[in-house]
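Common to both upcoming complexes is chain A, partnered first by chain B, then by chain C.
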Partner chain A sequence: MKKPLIEVKELNLKFVSFEGIAHILDNVSFKIYGREIFGLVGETGCGKSVTALSIIRLLPKNSIIEGSIIFDEKNLLDFPEREMAKIRGRQISMILQDPTSSLNPMFKVGEQLCDAIKSNQPNRKDVKDYALELLKVLGFRESKRVFNSFPNELSGGMQQRIAIAIALSGEPKLLIADEPTTALDVLTQAQIVALLKDIRDKYGTSILLITHNLGLVAEVCDRVGVMYSGQIVETGPTEEIFYNTRHPYTLGLLQALPYNKPKDKPLPVILGNLPNPFNPPKGCRFKERCSRATKECENLKPKPYLISQEHSVACFNPLGDIIC
Partner chain B sequence: MASFKSYLVRRIVLALLVLYFVITITFILSHVVPSDPAELYVGPKATKEQREKAIIELGLDKPLYVQYINYIFGLLKGDLGTSLRAHTPVLHDILVYLPATLEIVVIANIIALFIGILFGTFSALKKDHLEDHLIRFISVGGVSIPSFWFALLTQLIFFGILGILPLDGRLSTETQLFNPIKTITGFYTVDSLLNGNFPAFLDCLRHLILPATVLATYPIGLVTRMVRSMMVEVLNENYIRFAKANGFRENLIYYKYALRNALTPALMALGLSFAYSITGAFLVEVIFSWPGLGTYTVNAILENDYPSILGVTIVGTIFYVAINLLLDILQAYIDPRVRLQ
Partner chain C sequence: MLEVKNLSKYYFKRIGFLGKKETIKAVDNVSFEIEKGESVGLVGETGCGKSTLARCILRIEKPTAGEIIFDRKNVFKMKGKEILEYCRSVQIVFQNPYTSLDPRLTIKESLLEPLTIHFKEEKRNLMNRIYELLKIVGLEDSVLNRYPHELSGGQNQRVAIARAISLNPKLLVLDEPTSSLDVSVQAMILNLLKEIQEKLNLSYLFISHDLSVIKYITNKVIVMYSGKFVEKGYTERVLDKPYHPYTKMLLEALPIPEPKNRRSRPINSLHINGLGECVFYSRCPYKSEVCEKRTPNLVEVEEEHFVACHSI
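Take a look at the complex of A and B:
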């Protein structure tokens, strides 16, 4: 069997604050292989961003993290900050949801890109040429003019492309993209998505694509993890998730897509809210919003199990073969 | 960039307007205060004729608006009037006293800039650790300690107990006698170096240390607090998290990317404290027998020597306005968002 590039194993994350202990991630496990785009989907607040921040080890100080994140046969969670700093940018890098606040407004984008290259490839002599080349790769025709621009002279899409250039400056093996298109208009979204795909094809970079846009997932992702309230409820290859849906929550997400809506019916919504992280319910976390919940779901926590070689689901009453 | 030029022109016009209003208001105020300028001019023992001559000489027989117009026209020719006490041109007096003040104020603010940035940055990076608490304690002290008290304390320690620094003045008597400084700019440190008079230069520095340190305490506290709070805010910004996530070297992140963003407000505060000290340092000047503009101002006010008061007001206002203008230009230089607006 193929060896994964990164394997997140039973990640548990808590935040400690005055209000108490918030249980944010519960036994999150997934793998990302080389040259793969892995999609992490789920609604707002389910813990997608904190999963990403756990991997790159930039969580706030009040967090307690358990489990392991195996990268290159080593557990990143054991790394001291000094070692981790060498991983960031060179092995794993990350772009953020809001491109307009990702770049420092005080410095020209070219300078920021050069600083990234100097930091991540200290032996490189042709820093500026390489920066201009990266800009070309990211589809900037007038790379010289862009190089000398300040961030707020560029559009959101352009800023996001600069951010991607910076993220690629150390030729990382894994690029984490946390909702890279959410803040952009539809056309620019498509452009960025195409770009991410290009990057994977060209450099073999694996991508962890965080999104709540299932359309995007269908378009580019090889495999998907569906997250609900800090747990991965279903994970598998994209076609499996879309055409062999097993978890009721995944089905809910799919049915909420506008193009799955029958003409005469309103868009279905998943009723209810996410459970309270300070006091997570016993048993299945989705039970209160689930139409298939039984007594079993009340008290016992469903464990993820494999239903085929790559497809796993955490549910006591999974759906059968449904085509939607 | 063209728009920035027109912005500058507008700012300069505005600055001149401010200056004009301040002059007018001070002129009116100093003339409605009950006093007898002619009496002050000729002294208490003068005869009636001398008094009347003085009234004509000073133009006090003319209506107030004529006096005002004459004063403004004098200003345009660079004439700030004649001191009622000393009978010397006010401009000349101010140019004698100003360099002494500038010398300590400039040094104090340079000290404050460096120490403030250092402390503020360090404090922010060590937020909520012992170092942070210590620096915050010091900076609160810096802004709240009364300067006259601190001045006396430093004199007690460094002159009285340790005996390693002079008590007051700009130069020791020996230097004035044996290594006198030929005045060129009025800044003794600069002049002594221009004279090639090294012993005098060292003596100058020794005299500068205490008053400059005392004057620096307030701006040190101010800049430290500003830089710390801005730095704490900036370190939470997305672009800092982004830079960290993408492997930017730590030094770059903290001392280039974060500090540059945290610096502007500190510079603004420092500029204003600088402008204030030009005439506002008199407590420190008096305690250190420092012949500066603050001392000059207080004496002028106490004796209602209105040409001197007006002169000092004008100089003080020019500094305020010029520094504000300079800060705006500086800010535009540092922050492209301002420049591009």
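Take a look at the complex of A and C:
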């Protein structure tokens, strides 16, 4: 049995606010192995980004977190802030959605990259050479010119590549990419995706890819977790999820894609909205939007169980062997 | 119904105080038509001039050359009441509904504003119109007294659509209406747009860079690169059998939701190499000497399928 690089176990997260307690994550568990790209998909507000923030421990102060995140045989949630700061950037690093807001507009990108290298690898002497080398790895041909430009002189795709360079500067074992291509257009998106694959192949970095683009997931991910309202409803290898879909929500997401759908028919949609996190419904959280809901779903919470090796689903009435 | 003839929009930029004037050709000599009830897709990367073209059609931007004919009238020679009427017949839905709706107005006020400007009627009649609009876009009456920040992205986009169709337009310009939305919400909005089009017999100019959306919703498509049209024709034919290398590149870059058919993709598609007369010269894998010296014109390769490329 392979040992996972990171294992998130029964993670529960609540936010305390004036309106009450918001239940954000509910028993989220998943594993990411070495050299693997794991995709986390779901609608806006389902808790994908918050899961990433809990791994890197950048949650706001009003949060209550339970469970464990095992990384390198240690629980990240037990670490004091000082220890955690050493892990961020060096072991686990993150790329955010919008590169224009994650880079500082007042400094040249080269300086920002060098700062990151100095902080992540304090013993390094050849900081500038290493920075230029990193830029080359990321596909910049004129790395010197790019090194001396300000963020506003670069295009969105280039800025995102700089952000990736900064994230890679500490040679992390896990890279968290939170919707890295949502703000970019198709060609740039394809380029960034190819780059992420390249990084995995070259450095053996594991990647947690958070996205709502199922096309992207199909292109790069080895395994996928589908999230709904703070719970992981289905996980498994990408092909299993796409061709042997078991959870009605996953099927709904797949059917809503306009790719190669007949023009004369409306797209099948999932009606309704996400449940209110302050007052989550009893039983299954998807029951109100589900066409297969029964009495069982009304009161009992479905627990994830294995359908085949590695493919697990949390549903009382999973779909049969239909292929969408 | 709408005819764009040899339209160009140039911007001028001066480098330094006494520097040379530089011309940026945002839209360069393009022509196309939109018929009644038709939806035309406009595809291209960020910065290729799609939005500038849309702004010219809406009279937000004055073109440098060329003309736009709407219902046999030249749009830029209209006067007085004709302009108001034109504004009524051509409306736009923007990409991000959070920024296109006024955050300080309730949904009711937002919807009422265009109606009071264009139809000088009693408020009671206008309210009836608003209820009717909400029914068309599938919203409940309770949203009327809320503010945009209280609604979800999908709901806001529905409000934006309701506002755009409130003046009985003939042409709706949709500037990436679904690219900031989730898949499930996107599906709902696309269904809604199709439904409205059938019901009200509208024409659409659908701007997007997502080819799977374009394929689903439009019947004609125009591919734009650096201010010029490089390929146009019926959507099925263009996307199933593309001729221009740029269209091929866009199709290759489209992520396909089928993990069994993964392809390896070239990273170098963005590198720029040399300059030629053809706008696509710098990135084209099939370039030759002709491309450096002569601008390719749109040529009909099959029935109603135009391509601007020397190498076909």
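General observations
As a convention for this text, the second predicted complex is superposed on the first by the 321 of 324 C-alpha atoms of A that agree within 3 Å, B and C clash if a C-alpha of one lies under 4 Å from a C-alpha of the other, contacts with A are read in each partner's own complex, and residues count from 1 in each chain.
One rule holds in what follows: a contact is a pair of C-beta atoms (placed from the backbone, for glycine too) under 8 Å apart; a residue touches a chain by one contact, two chains touch by 3 or more.
It should be emphasised that the depicted structure is a prediction, and the values quoted were computed from it without experimental measurement.
When chain B and chain C are set side by side, the one touching more residues of chain A is C. Judged by the touch definition given at the top, the superposed model places A:139 against chain C, while chain B stays out of reach. By the touch criterion defined above, A:160 reaches neither chain B nor chain C. In the superposition on chain A, no contact is made by A:205 with either chain B or chain C.
Touch criterion met: A:193 reaches chain C, while chain B stays clear of it. Once chain A of one complex is fitted onto chain A of the other, the partner contacts of A:51 are absent, as it touches neither chain B nor chain C. Of the two partner chains, neither chain B nor chain C is touched by A:245.
Overlap of the chain B and chain C contact sets on chain A: empty, with no shared residue. Put simply, chain A touches chain B in their complex at residues 56, 58, 85-86, 88-90, 93-96, 98, 101-107, 115-116, 118-120, 150, 152-153, 163, 166-167, 169-170, 176. Looking at the complex, you find that chain C touches chain A at residues 45-46, 152-153, 182-188, 190-191, 194-195, 209-213, 215-217, 249-250, 252-260, 262, 265-271. Interface of chain B with chain A (complex): residues 237-239, 241-250, 252, 256-257, 260-261, 334-337, 340.
Those residues of chain A whose C-beta lies close enough to touch chain C in the complex are 43-44, 139, 141, 155-157, 185-191, 193-195, 198, 212-219, 238-239, 242-243, 252-254, 256-261, 263, 266-270, 273.
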